[in-house]
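In what comes next, chain A is part of two complexes: it sits with chain B in the first one and with chain C in the second one.
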Partner chain A sequence: MRPMVRLLAAVAAMATLGAANPEREFDLPTYTGAYQPQNVDERGMWMVDDESERLTRDSRLVIRDEALNNYVHSVLCRAVGNDRCGGVRIYILRVPVFNANMSPNGTMRVYSGLLLRMRNEAELASILGHEFAHFEMRHSLDEFRRKRSTSDLLAWTAVLGTLAATYGGGSTQSYGDFRISVYGALFRFSRDQEREADILGFSYMAEAKYRPSAASEVWRSAMNEADATSTGRALRGQRYDKTAFFATHPTNLERADYLSALANRVPGGEYEGRNAYQAALAPWLDQFLEDQIKLNDFAGTEYLITRLGAEEWTAPLLLARAELYRLRANPRDLPNAVEFYRQALTLNPDLPTAYRGMGLSLMRMDRKSEATPSLSRYLELKPDALDADMIRSLVAPQ
Partner chain B sequence: MLKSLLKPVLLISAAAALTAPAALSANDLIKSGETVAVAKSTLSITPPRDWNKLSARPGKKAETWTLDGEQLNDISFYSDIAPGEPLLRERSKKRDPLPKLRSNSLLTDVPEFLEGTYRAHFGIAVFSLGASKPTKFLNEPAIQFTYEYVTPDELTRRGEAIAVLRSGKLFMITYDAPKLHFFERNIEDYRAVVASAKIA
Partner chain C sequence: MNLIRAIAAALLVLCTSSFGLAQAQERTAVRQGFTLPPNSGKTILLFRPTIRVGAQSTGGMFEPNADWTAQGREHMGVSLRQLQDRLGNRVIEASEPIGEQALLVAEHMALFAAVSSSVINYQFFVGNRLPTKKRDNRNDVFEWTLGPQVARLPGAADADYGLFIYTEDQYGSTGRKVLQAFAMLGGVGVQSGVHSGYAGLVDLKTGELLWLNADGKMGGDVRTPEGAEKRMRQLLEEFPGSSVQTAPAA
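Entry: the complex of A and B
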C-alpha cells in the first residue's frame, strides 16, 4: 500500500475502532527523501523560505547554546529516525510561547516556550514528530497549492517576506493576539491533515519506543492551559486558536479524546527520558520561567508551573511560582508568595532572588521588621546587584 | 514610545521603501523655553530645546515627545497613574491585560511594572533591567533606572526612566532609543527635560 493510502486507511480505521489490522496500523511508511520544488511557483516559494531561514539564522532571538541545540536535534533524530532527520535545520528561538513549526525547505523552529512546557523527552519527541509528519506529508505545500489558485505568487512573497522580517521569521506580533500571526494564516492545517500528522506522529513514537501517551498528555495540557488563561481573563468559551501552536494546528476537545484512544492502541515503548530532558534544559530553566512569568498571564502560568511541579517541586519552580504571585500582588497573593519563597529557600538556601522577593513582598505587606533580614541577606549574597542601592534604601532606617 | 507591533508588518508588506518614520506635523511642536503641561496633568516641563509631540497618546495619562521621529528618541510622560491602572492603553482589557499599579506598590516595584508592561504590550521576548538607584524627582525620593530590550525589528533599544510615587500615584518620565547611536546622542536632552519638571 502506498504510504498515503495506508494513512488514509488508518484514519478510516480510527472511526471504526479496531477494524483495520492493528499490527500494521502504525507501521512507518518508507521515506522518500526531502522533496524538491517541482515548478516555478514552488521554486519561488522555496526561495522565499530560504530567505526566511537566513533571517531566522541571523536573529538575535536564536539560542546558540550548542549543547541545547545538539540535544533537541538528537531528540528529533531519535523520534523520526536518522534517515529522516539528517537534513533538518533546527533553530531554537527565545520566544515564550508554546509553538514549533517546520517549513517546506526543511527549517524547524522550536520556541523556548515549548521547551519550558515539556516534562520529558517523550513529550518533546511527540511535538517534533508531529511537525515533521506535516513536513513529510508536504501539508504546507498542499496548502500553498490550494491558496495559490486564489492569489498570485507576489502576494505570497509579500506575506512570507513579512514573516521573515519579524522576529526571526515565524513568531507573532503580539503574544496576545495570534490571529494576526502570518504563519498561522498561511499554514493553518486542515483537520484531515491534523489527523494524518497525528497518526504518522504516533508511528514515529512507536518505532522510537517512546511512551505514546506522552503525545496525548502534552496536547491535553496545552488545551488545559489555554482554558486556564481564558478562565483567568474571564473569557467565555473554549477557544484554542489563541495559542500560537493551535493557530496552525486546529484542535478541540474531541481531538484530546481521539489522541488518548490512539495512544492506547499504539504498540511500543515506555521510554520517557525525564532525567535526560531535565538535564538538558537545566541551564535555561530559570530564564525560560522568568520569560513566562512576565507575560502577565497569571492563570495560564500558574497552570503550567503546577503541572511541572506535580512531578517534583524543585527550587526553581517554587521560586518562579513565588515571583508570579509577587508580581501580580493582589493582597492575598503576597502571603502566598512569601510561603513559596520560604519553600524554595528550604530546598536551596543560596537563592538571592528568593530573599529579595520575600523581603519585597513582606515590605509591601507593611511587615518591615520581617522584611529587613531577608533584604539584608540578599545584599550579603549579591552586594553588587544592579538594584543594590535601591534595596539598601529600603533597609536603611528612615 | 513604541507603536503597536502590527504597524511594522504593514509597513514592510506594503513596500520595503516605505519604512521611514512619518513626517512630523508642525502643529505638534513644543517650543524651547515654553512651559507646557504634559499628559493632561499638573506636571509641567520647560524644555531647553524644541521637541515634537506625537498626536497619538500611548495611554490615557501619557504623552510622547520625539526629536527625530517616533521610536528614534522618544520621551514618554506618565502622570498620575493610580492604583488599579495600567501604564499604557490596553489593546483589549480582557484578552491582553496589562500589569496594574497596586496601592501597595513601592518604588522598587516600578522597574518590574515597566518591564511587564513592555513585554506584554509590545511582545518583547528579550528584556533586561539595568541598574537602579535612589534619587530625587519632583522634590521627593524617587527611583532612576535603566533597561534594554530587543524589539521585533531586531533592534536593541535602551531606556532610562525616573519615577516617583506621590500618595500612591505614579509619575514617570522615560527615554527610549536605539542603543546604537541614538541613545547616547540624546540622553542629555532627556535629562534636561527631567530637570525642568515641576508639579503644581
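Entry: the complex of A and C
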C-alpha cells in the first residue's frame, strides 16, 4: 500500500512540475549563462561563496591531476550540455565521503569518496546533474531566505513565549507547538528542493542519452552501504520507510523508488560509459581505496568493494579487500586476507604491497617459512620502502 | 514552572543569536622582551584581511552584504596605511600568490586564525585555561608561535613583520532591534549586532606571535571612512611602539 501511495505522490509532484503535455515533461528549460547576483541577499551570498572558493582553491585537499579534472568536467559537460557547464569550476577534494555539492557562484566540489563509489559515467552524471540542478534553480538563495524567515519567527516565538510566561497570560504550550511546526516546515522545504533537483537532473540525463536507471542504482547502493555500516557497528539501521523530522533529504528508499519510477518514463539512451570511467579513475583507485579502508568501517567498505567487484574483480579491488581483512586482523580474517592477496597477485604479479601484506599475514599465522619468500619479494621490489628495515628484521634468521 | 520556561526560552534566543561570551571584552598582549621603538622604519607585510560586513536578521542569522564589505575593505585599507605612516612603519600588501605559494599562505592564514583563537579562548579570558598554559598565565608570559616556516611565505624575505587582521560586523536589522525591545519587556537579553575583531603581528623570521589585540565589542562604522578609521585605531590599540591615540570607546 505504502509504496503505491508514494509512487502516486511522486507522479503527482511530477505532473505539477512538468509540462501538461507528457511528451515535453523532460524538456530542458532555457538557460542563461554568466548569471550575476541580482539583489542584496544574493550578492551577499556570492561574496561569502567567493571567499570560500578561494579557501577551497588553495587547499591541499584538492586533487590537481589535470587528466582526472578534465575527465570529470567533460562528464558534467556531457550531462548538462556545453552551454551550461562552461562557467563551472570543479574542485575534486580528497575526502573519503560520498558527497558532492554545488554552491551559488558556480563552484562544484566533488569528493573522492563519490568517485570511488561510482561504477560508470552514467552514475557520476546523475549525481553531477542533480547538483547542477540545485544550482540552476538557485535553491541556496531560497533556502537562505527560508531559514532567515524561519529563525525570525522562532526568535519571536521564544520572546513572546517568555512574555506570556512572565505575565501569566497566553499559553506557552501553544507557542511550543508552533515552534515545532515551524521547524518541520523548514526541513520539508529542503526535501522538496531535493525532489525538484532530482527531476531536473533526469531531464539532463535524458538529453545526454545516459541510461536513466543509473540514478536509482546510486541511491540503492547508498542505502545498502549505510545498512552494512550500521550492522557492522552493531547500531540500529536507519529506517527507510519514514522520513525523520529533521531530515533534509528524502529517505534514500523513497528517492530510489521515485527515481526508478521516473526512469521508466524518461526517453533516455543506453550510454553507460563504464570503460571510460574505469580508465579515468585507474591512476587514483589505489589511493581512494586506501583512504576508504582507513575509515575503519569494515562492513561498509566490504559492501562497497564487493559492489565494485561484482562487475569484475580487478587486482586493485582484491588488494584492497585483502588489506581490509588483514587490518581487521581477527584470526579468522587472516586466511581470507592471504587468499585475496594471492588472487590479486595472480592478476598482477608486480604488487609490492600484496607481497608485504601476504607475508605479514602469514607471519601472524605462524607460517614463517611461507611468509619469508613473500617478504623477500617485497624487499626486492621496493628496497627503499620506509619499513624496509623492519621487514628485513622479520626475514632475518633468528 | 514559568521560570523554567522563561529560562528555556532565553537559552533558545541565546542559541539562535551568534556571539561568544568570551569575546565580549577587550584584551591585548605583547611578547615579553619585544619592543618596537617609534619610527624604527620596519616593513610590515599585510596579509589579505578577513573582513565580513553584513546585517543581523531578527532571528540572529548573519546576512552577508557585498557592498558593505567592499566599503569596509577599502576604507580600512586606507586608514591602516595612514596610521602606520604615522608610526614610521611601511605597510606593504602581500601580492596574491599562485600555485604552491598560494597553498602556503592559505595554510598560514588558517594557522594564525587557530593560534589566535586559542589565545583569545584560553589565555585572554579567565576560567578557561589550557592545562599547558596555566603557568604562563600565572607569570604573565605570552608565548605563541606559528613556527619558523613563515620565513618561506612569499614576500617574507623583504619584510620584518607580518600583520593579520580579522573583523566581523553584523549590523542589527530593524526587526532585530524591535525584538530586542520586546525581549527586554520579558526580562530576556537579546543582543543586537555583532562587532568583533582581532589583529596580530608575527615575526617573519621566527614565526613568533609578537602582539595580539582582540576586541569583542568594537566601535566605528566600517562602512564610512571616519568609522573605518576609528575601527582601525581600536584594532591597533597598544600596537608595539604605538603613539596612535587611543580611540574613545564605542
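General remarks:
Keep this in mind: the second predicted complex is superposed on the first by the 319 of 398 C-alpha atoms of A that agree within 3 Å, B and C clash if a C-alpha of one lies under 4 Å from a C-alpha of the other, contacts with A are read in each partner's own complex, and residues count from 1 in each chain.
The criterion applied here is as follows: a contact is a pair of C-beta atoms (placed from the backbone, for glycine too) under 8 Å apart; a residue touches a chain by one contact, two chains touch by 3 or more.
Not measured: the values here are computed from a predicted model.
In the superposition on chain A, contact of A:253 is made with neither chain B nor chain C. In the superposition on chain A, no contact is made by A:261 with either chain B or chain C. In the superposition on chain A, contact is made by A:365 with chain B only, not with chain C. Of the two partner chains, chain B and chain C are each touched by A:60.
In the superposition on chain A, A:95 makes contact with chain B only, not with chain C. More residues of chain A lie in contact with B than with the other chain of the pair chain B and chain C. In the overlay built on the shared chain, the residue A:44 is in contact with chain C alone; chain B does not reach it. Overlaid on A, the two complexes show chain B and chain C touching the same residues of chain A, namely 59-60, 158-159, 161-162, 165-166, 168, 172.
Per the touch definition, chain C reaches chain A in the complex via residues 2-3, 5-6, 9-10, 12-13, 16-17, 52, 54, 57-61, 63-67, 69, 102-103, 105-107, 175, 179, 182-183, 185-188, 190. Partner chain C is touched in their complex by these residues of chain A: 37, 40-41, 43-48, 54-55, 57-60, 147-148, 150-156, 158-163, 165-166, 168, 172.
Residue ranges of chain B in contact with chain A, taken from their complex: 4-6, 8-9, 12-13, 91-92, 94-99, 102, 104-109, 111-112, 115-116, 119-120, 122-123, 125-127, 129-134, 141, 143, 145, 150, 152-154, 156. Against chain B, the residues of chain A that register as touching in their complex are 59-61, 93-96, 158-159, 161-162, 165-168, 171-177, 180, 182, 233-235, 242, 291, 294-296, 327, 329-331, 334, 360, 363-366, 386-387, 389-391, 393-394.
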